[in-house]
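Heads up, the thing below is written out as structure tokens.
Chain lettering (A, B, C, D and E) follows the sequence in which the chains are written, and residue indices restart at 1 in each chain.
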Amino acid sequence: MQEILDQLFVLLKAWLVGFFPLPWQPLVSILISVAALILVFALLFAVATILERKGLGRIQNRYGPNRVGPCGFFQPIADGLKMLIKEDIVPSGADRVVHFLAPIALVAPVLLAFSVLPYGRNMAPIDLDAGIVVFFAVGAGTELAVFMAGWSSRNKYSLLGAMRAIAQMISYEVPLILSSVTVIMIVGSLRPIQIVEAQAGYQGWLPAWHVFTPWGLAGFLLFAIAATAESNRSPFDMPEGESEIVAGYFVEYSGFKFALFFMGEYFGMFAISGLAITLFLGGWHAPLPFLEKSIPSYVWFFVKLFGFIAMFIWLRGTLPRLRVDQLMNFAWKFVLPMTLLNILAAGLWRFLPAGATRWLVCLVILLGAFLALGRSMVARRKWSPRKYRFAE
Amino acid sequence: MTPLHQYLFLSALLFGVGLAGALTRRNAIIVLIGIELMLNAANLNFIAFWRFSRHPELATGLMFVLFSIGIAAAEAAVGLALIIAIYRHYRTANLDQFDSMKG
Amino acid sequence: MDPVFAFLALLTTAGAVAAVSLRNLVHCALCLVVAFAGLAALYLQLNAQFIGFAQILVYVGAVAILIVFAILLTRGSEPGNQPILSSSWQAGLGVAVLVLGALGVAVASSFVRYYPVSPAPQPTVRELGEQLMTNYVLPLEVIGLLLTAAMIGAVIIAMHEKQGPR
Amino acid sequence: MLGEGIIKGMTETARNFFGSYIDSDRLVTVQYPEQRLPLKENTRNFPFLVHDGDDPEKGLRCVACKICEKECPPQCIFIVLERDEKGKPQKHPKVFDLDISVCMSCQICVEVCPFDAIKMDTEFELSHDDRFRGLLLDKKQLAKPNHYYHKIHPVEAAEVDERLAAEKAKAEAKAKAAAAPKPAAGPAAATAGKPAAPRQPVPA
Amino acid sequence: MNATIELEATGKKSNFEILPKVTPAGEISGEFLEVSMGPHHPSTHGVFRMDVTLDGERVVKLKPVFGYLHRNHEKIAEGTAYLASMPYTDRLDYFCSMTNNWAYALAVEKLAGLQVPERAEYIRVITAELTRLQNHACLCGFLLQDMGALGTPLMYAFREREKILDLFEALSGSRMMCNYMRFGGCRVDLSPGWIEETKRVVENFPRFLDEFERLLSENEILIARTQGVGVLPAPLAINASITGPMLRASGVNYDLRKADKYGIYERFQFRVPLGDHGDVYDRYMVRVLEMRESLKILQAALRDIPPGPISDPKAKVRNFRPKAGEAYGRIEAPKGELGFYLISDGSPNPYRYRVRPPSLINLTILEDMCLGHIIPDVVVILGSVDIVLGEVDR
């Protein structure tokens, strides 16, 4: 029974595909996967927006949207309707074709990135040998879309925002890739499914996820930092930076085009969270051995995904934004050296005998590097809390 | 399956287009774009020959393309840096005006 | 002709032609991206999966962005009504047509027209990596050195002469 | 250590997140149209005219002395004195218009009124789709009975009534003492010229 | 990076003001970009414009442009009675109407020689310090909002401000446009229970301050964004006649509550926090520490407030004609020295009426603080100045 529940969607798809003649079957199978992906993630987008707004509201001691539907949960529908019927404004000096294509060019690659993630046992839409590379390749496509949007709007703020966004995305792509290289090194494969399978099993109660190793934890944290920057979320949301450059590259977008940008950003966030889950958090594996069989695998994937979304919301509700040059400094002078050292640590981990020694060696390298780099970042500018004097 | 010579024709066409662009346009950046196109045409040839070779497991063509992509990235970076440096000096990216040897 | 190939070939060629012929430089760069993406799809069709995605990663993600930045950095003060073709464009076009003709004739007359279609190879990334680390380790190191040198060189060339980088 | 302050801040927001479910002191929002906060005794919004009795036309305390019109800082009050056929002033406003799109709720008209005729209302749901006529209140819209005044400002209204009653009694006594050559002038004459006394301090 | 745009496709002229950057030797070495921030930019705290000239993203010139909210306040006041200007002063710095009222009442009292009863003085101190609390709390929230903290600190500040505004409503009938002070006293007495309610708010306020400080004061991002940014050296601050927390953050011990001892401030024990660096972080922290000192004053004032009349019986509401003369009344408003200068010619209207708005005068130094910083810093520096456009433009 639990087996069937676990494989429910796989069986469902096989059953549906079975209605078609044999030569059509591969195509139909892909189409079903595509439809399912778009449906699931569009729904997740709606849920994530309402969760974000309500969560932020609670963090700020407000209710958040609570008027449309039960507890305000139909708010995304109302928002979507509003976006659809809003006037689509194109600035008079804009490059109309590029202005039109930019939101599409943003959303399409992100949807492609969804296709390589394994969502559950036997539930990867496409099983590619170079799956992780695909992910980063399509991620590179979004940079161009951002440039198209910023450049075509003929607005200083949007151009500044696009420039910032591209600079930021390129800078953080390097640590993003380098921090996932550790996992690829250890597993010895770029196949997402194989990476997930490598994290199966338990050591006592502790699952064999990469995040429970020193290099994995460091890699995960660095990956999370880079992912936050890559998906333009607070505290790295300079490209939008509404208090500085108004809204960045999509200042001049309205109506459904704006909604597409919004959606693209959320999809990017989901995709990169999905990758982090695949690489470090054991993909669709359950956190505890006895839950492995009783709860379907895809549930675990989405539970972890929601955990990520909650984390992003929490960060957004707490932190102010970094400055654009500090962001670059942080990328090149802290995150990048840390990822490089992390690769070293992962290599040592691979070749040292299992036991306390390799734990100790890895921990010393990583903690030492963290303390030294952190100290040097702060000390150079003399950043510290201050004491104040008082006049009576 | 598309036969090999069609890939080769396409590659020749791309090479021609790139060459025409590199030789006829005034803007240094378009010239660079033309060069990139020619490089890519060559890459397509490598891949096509690898695909139709008797020993694809040797992966020689793939390796060549991999290295060529790496070199292309370096070439683009240096080329564009040169263009920007020249632009700073002459205030133009127009090749016809880079006619002085004096710095 | 295979329809998928025809479509990709058309897309790539159109992108390439537009990239070298449009007046607006940013449009040129964007069309170049189309050509690169078409080529990547062609690589995928030729079973070179890793190379295809690397092509997108490097060309679309890096080279195109570099070109776009260079365009924005160099187009500040140029009037928009200058001729786009160089003074010696007839000669250049002639050379290009000659080369294209020669290549076309060479391909058309060579034996590759009758080359048999071999079964699709399935190179795994792992095999590529092993090749890189065994047979091609020297080229790999040289490429690494070259990239480092290029990076340093590019930074030095593009740096402001008097005031250092920020 | 780098990141310490950030973690501190994160715990603080987490505390607020969960606290907003438990602690009503944190979640102070009131769901407005369904839930309303009780209005404070002193709350003021726009002025209204008090009338005694049930007839808003006859019972108006206003005598059209135009002091409020003169003292109003943004000049949002417009008064025309009623005159009978012979042109004799009637101590009654013929027109009393108040433009609440101009009024800034400063309460100075209330302070300067010697007759306790104009008071501050607490009604704030005044939105209107006609932005010129809809926000220009005339005499009929402004006139509200004394018991309404008692309802919105109970303490203040009680004081005013007490004072008015005392003054009336005093005036009547005075009129009686003067052997009444003419009928009692009523509260209007008795209190004319006297500035509205500040209310008696309430011990805190 | 130079932001330029390609507009050949449309055939239209660029609306980007790009100026050549000329080295001392006369060579063109780059380009300047002029960006007009405001008047509808989201973080200019109202309708305020800064014409910024950028080298890359670095500010080389900044021209503040204001007057979009000019309401002719001073001239209107010269045409109306003394009392009728009181509600207009509410609208100067619409965050702190109580202190505005007080400053104006102080000037008129000096002019007319009115005595303020003891109880009214206490009420004035209490309301002014409450105003300072809510103004500083909100300013810190706005500052963090400008840094992109998505309103969380601002919402916490507003939660506390709400309680103080409720107190003001119970006292004066209005939450923001209090119009509460009168010449020679206050308009109405405290309503029953108001003191207890205020005591409760004051008791709970430190909890909010602790929360606020835990949330922010050690936050690495906040420190990185504010320390060393927008430094205002003390001599410059004095020369530019900067007042208020901005001046004290630069290390100058100048607080009118101590220096002028207006009202009954000499009765209270409180300290004046001083910064040593004069940067945005000091301005932020000085305000946080000032809130703690204000709480001390409030506790003492709420404890000691005596019963008695609240208004000078000599003060008239109508036909108020101070004798000819001039007077300058000033107080330490939350934003700095707020002064009213009045000349009377014996008529019911002031002959001359002049406001010394701290926001405007503190804003004059903006360019000096911003030069060499980048756009995100400009926004933060502007946020740390603490302006309200109602007061800047008047």
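Basically, a residue touches a chain if its C-beta (ideal position, glycine included) is under 8 Å from a C-beta of that chain, and two chains touch if they have at least 3 such contacts.
Bear in mind that the values here come from a model prediction, so they are computed numbers and not experimental data.
> Can you name the chain whose C-alpha mean lies closest to the mean of all the C-alpha atoms?
Centre-most chain by C-alpha means: A.
> When D-E is set beside A-D, which has more C-beta pairs in contact?
Comparing D-E with A-D, the pair joined by more C-beta contacts is D-E.
> Using mean C-alpha positions as chain centres, tell me how far chain A is from chain E in Å, no decimals.
That gives a centre separation of 42 Å.
> CA centre of chain A versus CA centre of chain B: separation in Å?
Comparing mean C-alpha positions, chain B is 34 Å from chain A.
> What is the distance in Å between the mean C-alpha positions of chain C and chain D?
Between these chains, centre-to-centre, one finds 78 Å.
> Send over the residues of chain C in touch with two or more other chains.
In chain C, residues 25-27, 50, 54, 62, 69, 71-73, 75, 77, 160 touch at least two other chains, as defined above.
> In chain D, what residues contact two or more other chains?
2-3, 6, 9, 12-13, 16, 26, 28
> Would you mind listing the residues of chain E that make contact with two or more other chains?
1, 3, 5-7, 9, 29, 152, 156, 159, 215, 217-223
> Show me the residue ranges of chain E that touch chain A in the complex, using the header's touch definition.
1, 3, 5-7, 9-10, 12, 15-16, 33, 35, 41-43, 57, 144-152, 155-156, 159, 215, 217-225, 227-228, 253, 255, 258, 271-277, 281-282, 285-286, 289, 374-377, 379
> How about chain E: which of its residues touch chain D in the complex?
80-81, 83-88, 90-91, 119, 152, 156, 159, 162, 166, 169-174, 177, 179, 187-195, 204, 211, 214-223, 305, 307-311, 316-318
> Can you list the residues on chain D that touch chain E in the complex?
Against chain E, the touching part of chain D is residues 2-6, 8-9, 11-13, 16, 25-26, 28, 40-44, 67, 71-73, 104-108, 111-112, 120, 195-196, 198-199, 201-204.
> Provide the residue numbers of chain D that touch chain A in the complex, in ascending order.
1-3, 6, 9-10, 12-14, 16-17, 19-21, 26-29, 31
> Which positions of chain B touch chain C when the two form their complex?
Within the complex, chain B contacts chain C at residues 1-10, 12-30, 32-34, 36-37, 40, 43-44, 47-48, 50-54, 56-57, 59, 62-63, 65-67, 69-78, 80-85, 87-88, 91-96.
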